[in-house]
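Just below sit the structures, each encoded as structure tokens.
Shared between the two complexes below is chain A, which pairs with chain B and chain C, respectively.
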Partner chain A sequence: MEQIQAAVSGALQGSLFALMALGLSLTWGFLRVINLAHFGIILLGAYLTIELAGPTGLGPLGSLLVTVPVLFVAGAVVHLVFDRFEVSELNSLLISYGLLIVIIQVVQNVWSADFQRLPGDINPYATQSVRIGDLIFPLPTVMAALFALVLVVAMKYFLDKTYAGRALQAFGQDREIASAFGIDHRMLGLLLAGASGATAAIAGMLFTLRGTVTPDSALEWVGLVFAIVILGGIGNVAGTLWAGLLVGAVSGLVAIVWTPATSPLVVFTLVVLALIFRPQGLFRRKAAH
Partner chain B sequence: MRRDRGWILILSLLVVVLVLPFLRDAIGSQAFPGFYMVLAFQVLFWASQATSWNLLSGFGGYFSFGQGAFYGVGVYAMAVLTGRQDMTWWMATIIGGLLAMVLALIVGMVAFRLRSLRGEIFALLTLALPFILLAVARLSDAIDGGQGVIVPVPPVPSFLPTFQDFVFMAGGLIAVLALAVSYWMSRTRYGWALFAIHDDEDVAEAIGVPTFSHKMYAIALTGLLAGLSGAISAMQVGFVTPEGTFNLRVPVMVIVISVLGGRRHWAGPMVGALYVTLLQNRLQAGNLEGWSLIILGLVLAALVLLARRTG
Partner chain C sequence: MRPTRLISLLVALALIVAACGGDGGDATTTTAAGGTTTTAGEGGTTTTAGGPSGDPIVVGGSLSLTGAFGATGVIHRIAGELFVERLNDAGGLLGRPVVWDVRDDESVTDNVATLYEQLISQEGVDLIIGPYATPNIQAAMPIAERHGFVLPQHTAVLAPTLNYSCQFPAWSIGYTPNEFIPHQLADAMESLDGIETVAVVTNQSGSVSFVSYGRPDVDEPAALEIFPERGFEVVADIPYPPGNTEWDAIATQIRSADPDLVMLNGLGVDANGLMEAMLALDGYLPPMMFALFPAPGPLLALAAENDYGILSVTMFEPNDTVLEGLSAEAAEIAQEFAARAADAGVPYTTFETQAAASWNAWEILIQGVEGAGSLDHQAICDYLHENGADLTFVGHVEFDPEKNNFWETNQMLKQVQDGDWVVVWPEDKAAAPLRGPSN
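So, the complex of A and B:
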């Protein structure tokens, strides 16, 4: 029972990291940029939530009304730079690494390096939990799982069923041919990068519900989130969610069977093995590119 | 004799490293505060780290975010071997370098065997490496266990005036070694092979460059030099923690320094180290420390954007 509780709790936490990975995976897969600044945008989402939720009376969920549009623009602006300068995949990694460092330092200068958290009266979710049979889950992780599920389903629908989504898929597969068929990749690229910024806003908000955040949190997410992106398959929306749940469940299990400190070790060893044996991701039938 | 200019520069640096401590002692601390020795040490430390990184990632084009891992192995070798095992500092330095080299070879063996692990995926793999070592260091009581390790002050050789002079000289010798290796590589077939791998690995392979073994040499040297330099720097720091060691500070610095100084030239990282260290020092002096990473990040982004053909 203990093991089941640990695995499911872990999986729910993993869904938050899947949500962080979603935007990264999409822009990597379809726009061919590896945007480390995504972690900076998530961090901004978290800090803006803390800043807005109390004083404005919006609460953490209400603050999304502000953070989602703002960070949609932030994501689009970053992509505007990538697109304008036609950067390669590797250079996008370097440029966005520079941006990430800038964002972390700006956050530190504005909000200090200390732990920040939502005050208890503004964050009623933190102390509540959901009980299913003998299993108990903190409400914030359940909310994260719900948000992740809804966003993944919505994104999957958008990509598979709408014209814009299929145009993006075509663009991700072959830029020249897609452009020859009249796909306006500039507009679609900005839209997708903006959407990825919006998911970052939601991920940042969900992160503040479960506890404290520091400027360095952004760096702590990097390893786990990239692990999920790669395991899920780059650009594979559903795969990202599965990978998040899997990584979370494994972490949770390892933490209880051995010690919590071993779980990153096991997870990263698995990622390295996955990179070697299935570089295209766990859930994809054919090679990526 | 244009060809020999590099050796002249490296030999001059060697002379400076060997003479400066005695010069400082002769001038006296009024005119030459000991603080300048710390600054000089930092310049040479970052020059060593960036030069080491540049062998694989600049010459060879395999961008690594894992420099902190090789550096950190050196740091912890020094901390654990001198602090807990009573080993001499120079033995610990050599072991630190060798252990970092072994780690580098393991990474190379995994990463370079696979055609799919080129470029971006290699970069991400190395991004995860310091986090794995962080977990190991936190976990293992033999290494750290989470409380940090005190690095004892080693007995200073009797011919040197102070401890700071000693650390400067040791770190300086490592920097001279790193620059000499880098210069030598850029002038021989090993370096040319790496340049070819950087430009187009498939073509390099097709014209007969044994790409795998050359990448292994490069990553081994990167690891060795980073480990040696890390071990010496642990003596300067005095107290090491897993979080303070296996973080992104070293990778950020070496990347910015090398991109700024120039990744195709053996002396590029040295020049970059001089700029960046002095810039950081000026910012600290003006109480603008919070700006240094902002400036470095923007410089990195701007340089890569404007010089689009790096990569």
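So, the complex of A and C:
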């Protein structure tokens, strides 16, 4: 029972990282932008939640009314710059890393380097749980899983069932041909990058429900989130969620069977093996590009 | 604009923003009665009316003002600035104003040695003061030793590894902290009824893991041996990596083991992460919990919200009963520090162990120089070995070279009680009695 509890709790926790990975995977897969600044936008989402949740009386969930549109615009603006200057995939990695450092420094200057958390009276979710039989699940991770599920389903629907989504897929596969068919890739790119920013706002809010945040938190997320993007398959929306759940479950299970210190070893061994044997990701039948 | 130019532009922008950071870059401090501020490195000579005069004595050092240790680094910066300002107001050092050239090591240990080398070799500082955090201090120490500089250091407590004879610790848990900390906790737990089992949870960082396991390749007792010797059963031994963010599995293991006491040898907000994960398991918390080296503000907030008497270590807490035993200056310093920390936007403004360690380091340095009557480092080192130092928040300490200058510890245990950290152990220094699970 202890192992099941740890695996399911880990999977739920992994869904939060899947949510963080979603925006990165989308912009990487469809826009060919490896946007490390995405982690900075998540960080901004977390700090804006802390800033807004209490003083405005909105609470953490209500703060999304502000953070989602603001960070939608932030995501779109970042992409606008990349698009305007036709930044290559590799250069986007370098530039967005610089942007990430800028955002971290700005956050530190505004909110200080100290640990910040939502106080208990504003964030009652932190210590609440959902019980199913003998299994107990922290409410914030259940909320993260629900948000991740809803967003993945919505994004999957958008990509598979709408003209804009199919156009984006076409653009992701072959820019020139897609442009020749009259696809307005600039507008669609902005929309997708904005949506990526919006998911970052939600991920940032969910992170504050569970933990304490510092400016350096953004750097701590990078390894695990990249692992999920790679395992899920770049640009594979459903795969990202599955990979998040898998990484979380494996991590939780390894932690309880061996030690928590062994988890990163196992997870990143999995990533290395995936890159060798399944470079297209664990949940995709053929190569993405 | 081509992509390469764009990259250059953004990198430049990053550097500008980083340089504009309030805490970053080369810095600052404080001379003087007149409130004059000199930026070190500009070669400025500062004279202030009615105060110290002549060329300033420059004290060089680094602090982690940004990066992982930044939250604590800022405490040391504020304490140091306050100390230097008060020192200059009181006439300076050897009649001369003091300037503190503090540089940001960005919490990157590799930067520390370079910065200390620059400060000593290129900037020609007169004195140095240590950085914050054990790995950074260990990086600065060989540079100080090579140049023969006295190194007062704030927080490195693993005494056997700090063997430079002119490093002077400002925080001491004795020569064998791996034994002292578990024994002190065991002493406190024995005073309570019903504490029989322990779960030991350990961050694998070198700053704390020695308390659970001892040092690598050295056969020495630590918590996992000491607790059974003292009659406690260790029901779980859980190591986790530094930077761990996934606490659910650890919380699950602890709840299954059902210990009477959790000893968390962790850092920063590890205790918050673990407590929140345990609370999410149907409100579970172990009867007693101890957290080594936590971020005191966030842990106080969480424990107080849950009315939970978590324990930690302390060298100084501004409890009324503690302050009553010290000079009036101690309360004044604590108050002034709190005001400055609030101005600096530091969420937890209390002058406690970290700030006290910083104050101690400055007092050790200044008393060494005053005692030696010169800036000769060997003379300062010899003076401190022979005379010790009188520390505002600790009292008199002696530096025994046989014990790598680590003085008899004044470490106490503190507990969250009624929304505040309160010294509870040992009993003769306690501001309030230790509360057990039933309280």
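Assume the second predicted complex is superposed on the first by the 289 of 289 C-alpha atoms of A that agree within 3 Å, B and C clash if a C-alpha of one lies under 4 Å from a C-alpha of the other, contacts with A are read in each partner's own complex, and residues count from 1 in each chain.
In the analysis below, a residue touches a chain if its C-beta (ideal position, glycine included) is under 8 Å from a C-beta of that chain, and two chains touch if they have at least 3 such contacts.
Fair warning: this is a prediction, and the values are worked out from it, not measured in the lab.
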Chain A as common anchor, with chain B and chain C clashing or fitting: clash
- prompt: Who does A:I34 touch here: chain B (first), chain C (second), both, or neither?
  reply: first
- prompt: In the superposed model, does chain B or chain C contact more residues of chain A?
  reply: C
- request: Could you tell me if A:V87 is touching chain B, chain C, both of them or neither one (first, second, both, neither)?
  value: both
- request: Using the superposition on chain A described above, determine whether A:A227 touches chain B (first), chain C (second), both, or neither.
  value: first
- request: Using the touch definition from the top, say if A:Q169 reaches chain B (first), chain C (second), both or neither.
  value: neither
Task: Classify the contacts of A:L275 with the two partner chains as first (chain B alone), second (chain C alone), both, or neither.
output: first
- prompt: So, A:S9: does it touch chain B (first), chain C (second), both, or neither?
  reply: second
Query: Between the stretches 204-212, 276-284 or 348-356, which region of chain C is in steric conflict with chain B after the superposition?
result: 204-212
Message: Residues of chain A that sit at the chain B interface in one complex and at the chain C interface in the other, please.
response: 81, 85-88, 91, 94-95, 98-99, 101-102, 105-106, 108-109, 216, 259, 261, 264
- prompt: In the complex of these two chains, what residues of chain C are touching chain A?
  reply: 1-3, 6-7, 10-11, 13-14, 17-18, 20-24, 65-68, 70-71, 73-74, 204, 238-241, 243-246, 248-250, 252-253, 256, 268-269, 272-273, 276-277, 279-283, 295, 297-298, 301-302, 305-306, 344-348
Query: Okay, in this complex, where on chain A does chain C touch?
result: 2, 5-6, 9-10, 13, 81, 85-88, 91, 94-95, 98-99, 101-102, 105-106, 108-109, 111-117, 119-121, 126-129, 131, 136-141, 210-212, 214-216, 220, 248, 251-253, 255-256, 259-261, 263-264
Footprint of chain B on chain A - complex, ascending: 34, 81, 85-91, 93-102, 104-106, 108-109, 216, 219, 222-223, 226-227, 230, 259, 261-262, 264-265, 268-269, 271-272, 275-276, 279
Chain B residues within the chain A interface of the complex: 63, 65, 110, 114, 116-117, 119-121, 123-125, 127-128, 131-132, 134-136, 138-139, 247-248, 252, 255-256, 259, 290-291, 293-294, 296-302, 304-305, 308, 310-311
